[in-house]
């Protein structure tokens, strides 16, 4: 048993640290933080600037990708270190749709033309991707999807509606699960994996506002959209296999440990400024007990993640235990966003940055904390709700 | 022992229920909260016509002489409709202070005006540093001839933007956190020296920051006695807390019922998601939390509120316990609604947000838990009688 | 809305108080408390003495029974007051098997002979009853019971095994659910309700030790037990109906509010004596927050019970909402027994009064507190586990 | 970064696992705990033969020089078997104090005797008033010529009845709760002036009350320096706490696995109760709690225990978090076992009781939570840097 970093790991860590210090623009960080604080939408540039910088440096934009496709091919320990350092420095996190999702699918199941066409843009951050999986009504029952792709000559004609398409407003491309065989015996059969250029006529994106007023997700409509057959990944009707591969592929960082640690630090600072019953809130036994409970949970989760990584690097694969990381990770994120909201008392109320208010009120650290709490209720719902995750563990781990 | 409404209470309940049903459907409400003003004067006039604005006031001033139970009825139904008009700030909070502390003259001149809907008031008490401590008042009032001159800053004053008058707590004596030395002033919102920054709240109500710079207030506009306002403030905030709890219980009922309904209708994997036992038990636990919340509200409403110790204890018990119910029922409602739960478009998130913000209002769960403990556990010491009996 | 007691109620309350003061023997209370504290078994006399005293006074041993059968026929409010006063004075609670369970079944469904034979002994406390419902393996699925009763002439021949028969070691009679028609279509059909004299040859009682070492429950075996047909209640094969009547009939006091209140009082006293980190434990923020949380829950539950009682007295019947009283009532009992155990620190360890130890150690108030905690794990299991109670509410109240 | 055992650790793990499997089946264990002695000397001899009694001791005295990870391996397997022999009191607790404070002469004379199984020791530190505070010591030791004379009372001393020697903490100076002024004495259990009241514990281990009346102890039998024992006591109790946590994690694994198995096999309403989604999710939550408990144990075991601040923090984090897991996993195991869970006859209640009592040992969850908070939240103050960034 050994959790100490090796000398190479430590060297790697300081290399990352130096790189971030030199290359992550402070203005970018401040601008993103300030927008987020005010509940303002982040621009495409905000979301991709750091990605683009990393993309120019040894494939660091793609820590898990094999070198042959231009990735960094970090070891699990290196990935862990990389994530920790990025979180500590508050780097904007890399949109997962290209790097963690469609990229690995393309280099694993795509043909040479597809690899040549798509991988460089994903790596560099120039091409923005989004994901077309969920449909209205499908929810956790993904395989019930209805968007159809009918082959006509050398095109598929795509019709239907996707929903919860995160950041589709900026996307150049979308990877979609579509139904190519409506008569298949099981719903999982007859599904294909299609890449669609968002500029194709017939693609329409409509914003969905979340309860905090933010615009992160969209509805994406397909009305007789012509998609060249060259954009099919792998074989027709085998899309479910690629989708499952994708789900199992990239789980590192799913627990969000480093980000939650940072968040707890900030709550402690806020609670040192806020007063309650004539004492700093951080001295309030109930409040500090909640902070401590979150810290303990997070310490445990960090080691659960490390144990998973260690298994992973021993070639044993993360497996369905990663559902545990998702459940506990989002539990903690939700507890932490709630504590932050609680910390500011009445200043949880103002909803600033709306069309109805251009003035900003209250302490700087308080803005949008309730918005963030409300926004994060999504965390236990998306990516397979935490109920579904428990079903997965029950079946796959406990054999029930 | 009975928990049934009296005939008058049933009438009141029906009246408010009808108002919400007929005048406050979801689209109407959405338009109101999106409007520049954030409320609808037309509704206020209706409240006046229905007599709702007079519920808690003495009959001597044209009110209905209602008790906490009557306010509970109004607020519970308002909760069910997410009614945003400033009833709580004007009628319960400011109205309560005026009834409690006002001189005959003040009461005669102001209360009928509130009841008729001609004026609205708000109470500016919180300050940036005060959090929920009512005694923590830095805003100063200094006597200068026949006027007091006020300077300070008030935070998150609900309903101030719609109010014609503000009641302001200010320090006329003593240290920042001293209970004595606090005085209440009633002023016209348009007075020179008052600046309001109005903004919407996350739950679509309206509040304001109130900046007070050399605001001159005549001695005549003091409510009650100089330096002696604290006890009344605490009492009226307590009464208002029960009203807020009533609103929360109305909201919890909607959250529980609509989530149960949603789960019955929502199909996944070919069947209603309510067929999942985990969802069934979560719905049961939401119902249990709702019933417990309602019960402790009844406890507070039927307590002897004229006894200040009993009042404090009952109010903090109710607010703390209902705060816990808000969290569980609210978060569960969103979780069980899945994607529909997190979007702005669907009703449930709005109920959740309002309930959560009521959780903060007048002190959050931890705050009232602490107050409850201080009230109930200070006097315990080892009993003289030997503790010689088993625990169950 | 009115929760104040009327003048009659107040008069009734002081009547009860006076009666208890005059008639409940202090030595009995002390002897029972001391045995319980030491984990010693209560004798039949301990369990019935107070019952016998009440039985001689206006039918007070049977608060819910109609006057025509010798009961007190209290109003719901009077029952509430009666229970409160008894709990406050730490009266031994009345065994429910006769008064609350078989008694109402007999006076509702029994014939005149059965009423004449059994009701007086139940009222007076002279005849001790136990309940033969559960069987090994049946658990919450009561209708799966297998104990058979085959009619031969004017007797039933009963064979089978009952389990969890509380206090069978003292019982004179047992009321049993038995299977009289093994070929019925549904398991709930073909069940009959039989009264069996425990002295009949073939009845054997074997103790089951609970995890705290206590002997409360038993296995009861029936080996060719001859039961006169006169002991059948109502009609053959209709037993399930009577059993359901019984379950719904007597729910008052199920929440145990008064007893939990008393228990919290005692914990506060213990925690005032115990020191932690140099201060009385009662000052410890975490401990006192747990006490306060239990108090709030209990205050709410008290009003939930009062609301149910009020509905009851308005003739609306308690209904399946009483499952809520059971769930919350046992939650609180378990929380409270745990707090008591926690309060005494290391003195939760000694297991005294066993064959291995005749000496008593530690503070008087600490003995058997962990035993009680362990014992009370049963509370969320018996009488339909709390999971089953939630199933009932889901189905009957929420219509799921 | 790896969590795999070394080759030696794998051997150790296999050895203890085999011992439990071959010598500690359930019936055997039940007979041991019901016996007058409450342990089996034969097993102790086996421990000695297997080298288990030497695990944490320095090689210089015949030990194996093991670390916390090695003790974890032993204790985890002992937990799985509910092994009642006094390994923790003798080897970890008393052995740790002797290793830490003993003079060369003491170590040379005592440690080999422990390793060979010839003697067993127990540590008498708790007192009726002390609860978990190691600094709260009333038992007094007064110098009289070359001897100290001890008077006092020690509570719930685990393993004392099986021990040949007791280590007693006594106050040689200072106030009752002062950290300085505490001295350790090692004495023969049969000494005049020592009276032991032995009793079984609720979880079927053995403990004793120790009455000390004019017990004479020679200066030579002081462990370490006069007045200076506190730091060592705290350190060794911390190390022992990790060992207790390891035992708990072993028990939690059994509770989780056996409950999962039970639910698969137990049929009700015509099907396995594990088909109920509510039961499935509860089993999943038990597994998650177990994994989190195991993870925080690894955190503590791999922490830098030579740094006393890091040690204190890691130990209290682990004990508090594992205490929470014990409650959830233990209570769930009983609940899901239903009637089988609450009876003495079936194994699960015994695991539950032991786990619960480990929850109390060396300080319960609240106690360690408070210690953790004191260690981690004392130095926080408003940062100079503006807190200008969002929370997530």
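Labels for the chains are A, B, C and D, by order of writing; each one numbers its residues from 1.
Note that in this section a contact is a pair of C-beta atoms (placed from the backbone, for glycine too) under 8 Å apart; a residue touches a chain by one contact, two chains touch by 3 or more.
None of the values given here were measured: they were computed from a predicted structure.
Enquirer: By mean C-alpha coordinates, which chain is most distant from chain B?
Expert: Relative to chain B, the chain whose C-alpha centre sits farthest away is D.
Enquirer: Roughly how far is chain A from chain B, going centre to centre by Cα mean, in whole Å?
Expert: Computed value for the inter-centroid distance: 39 Å.
Enquirer: Nearest whole angstrom, what separates the Cα centre of chain A from the Cα centre of chain C?
Expert: Chain centres of chain A and chain C, defined by C-alpha means, are spaced 54 Å apart.
Enquirer: Between chain A and chain D, what distance separates the C-alpha centroids? Give it in angstrom.
Expert: The computed centroid separation for chain A versus chain D comes out at 42 Å.
Enquirer: Please set out, as single numbers or ranges, the residues of chain D touching at least two other chains.
Expert: In chain D, the residues touching two or more other chains are 276-278, 281, 369.
Enquirer: Note the residues in chain C that touch 2 or more other chains, in rising order.
Expert: 286, 289, 387, 390
Enquirer: If each protein chain is taken as a node and each touching pair as an edge, is the resulting graph a line, ring, star, complete or other?
Expert: Contact map by chain: complete.
Enquirer: Could you please specify the touching residues of chain A with respect to chain C in the complex?
Expert: Chain A reaches chain C through residues 285-286, 289.
Enquirer: Under the touch definition given earlier, write down the residues of chain D that touch chain B in their complex.
Expert: 276-278, 281
Enquirer: Where on chain D is chain A touching in the complex?
Expert: For this pair, the touching residues of chain D are 1-6, 9, 69, 260, 263-264, 274-275, 277, 280-281, 283-285, 287-288, 291-293, 295-296, 298-299, 301-302, 317, 320-321, 369, 372-373, 376-377, 380-383, 386-392.
Enquirer: Which stretch or stretches of chain C touch chain D in the complex?
Expert: 134, 137, 139-141, 144, 163-164, 208-213, 274-278, 281, 284, 286-287, 342, 345-352, 354, 356-357, 359, 361-363, 370-371, 373-375, 377-378, 380-381, 385-387, 390
Enquirer: For chain D, which residues are in contact with chain C within the complex?
Expert: Interface residues on the chain D side: 36, 38, 126, 128-133, 136, 155-156, 177, 197-205, 207, 209, 266-269, 276, 278-279, 331, 334-335, 338-339, 341-345, 349-350, 352-353, 356-357, 360, 364, 366-367, 369-370.
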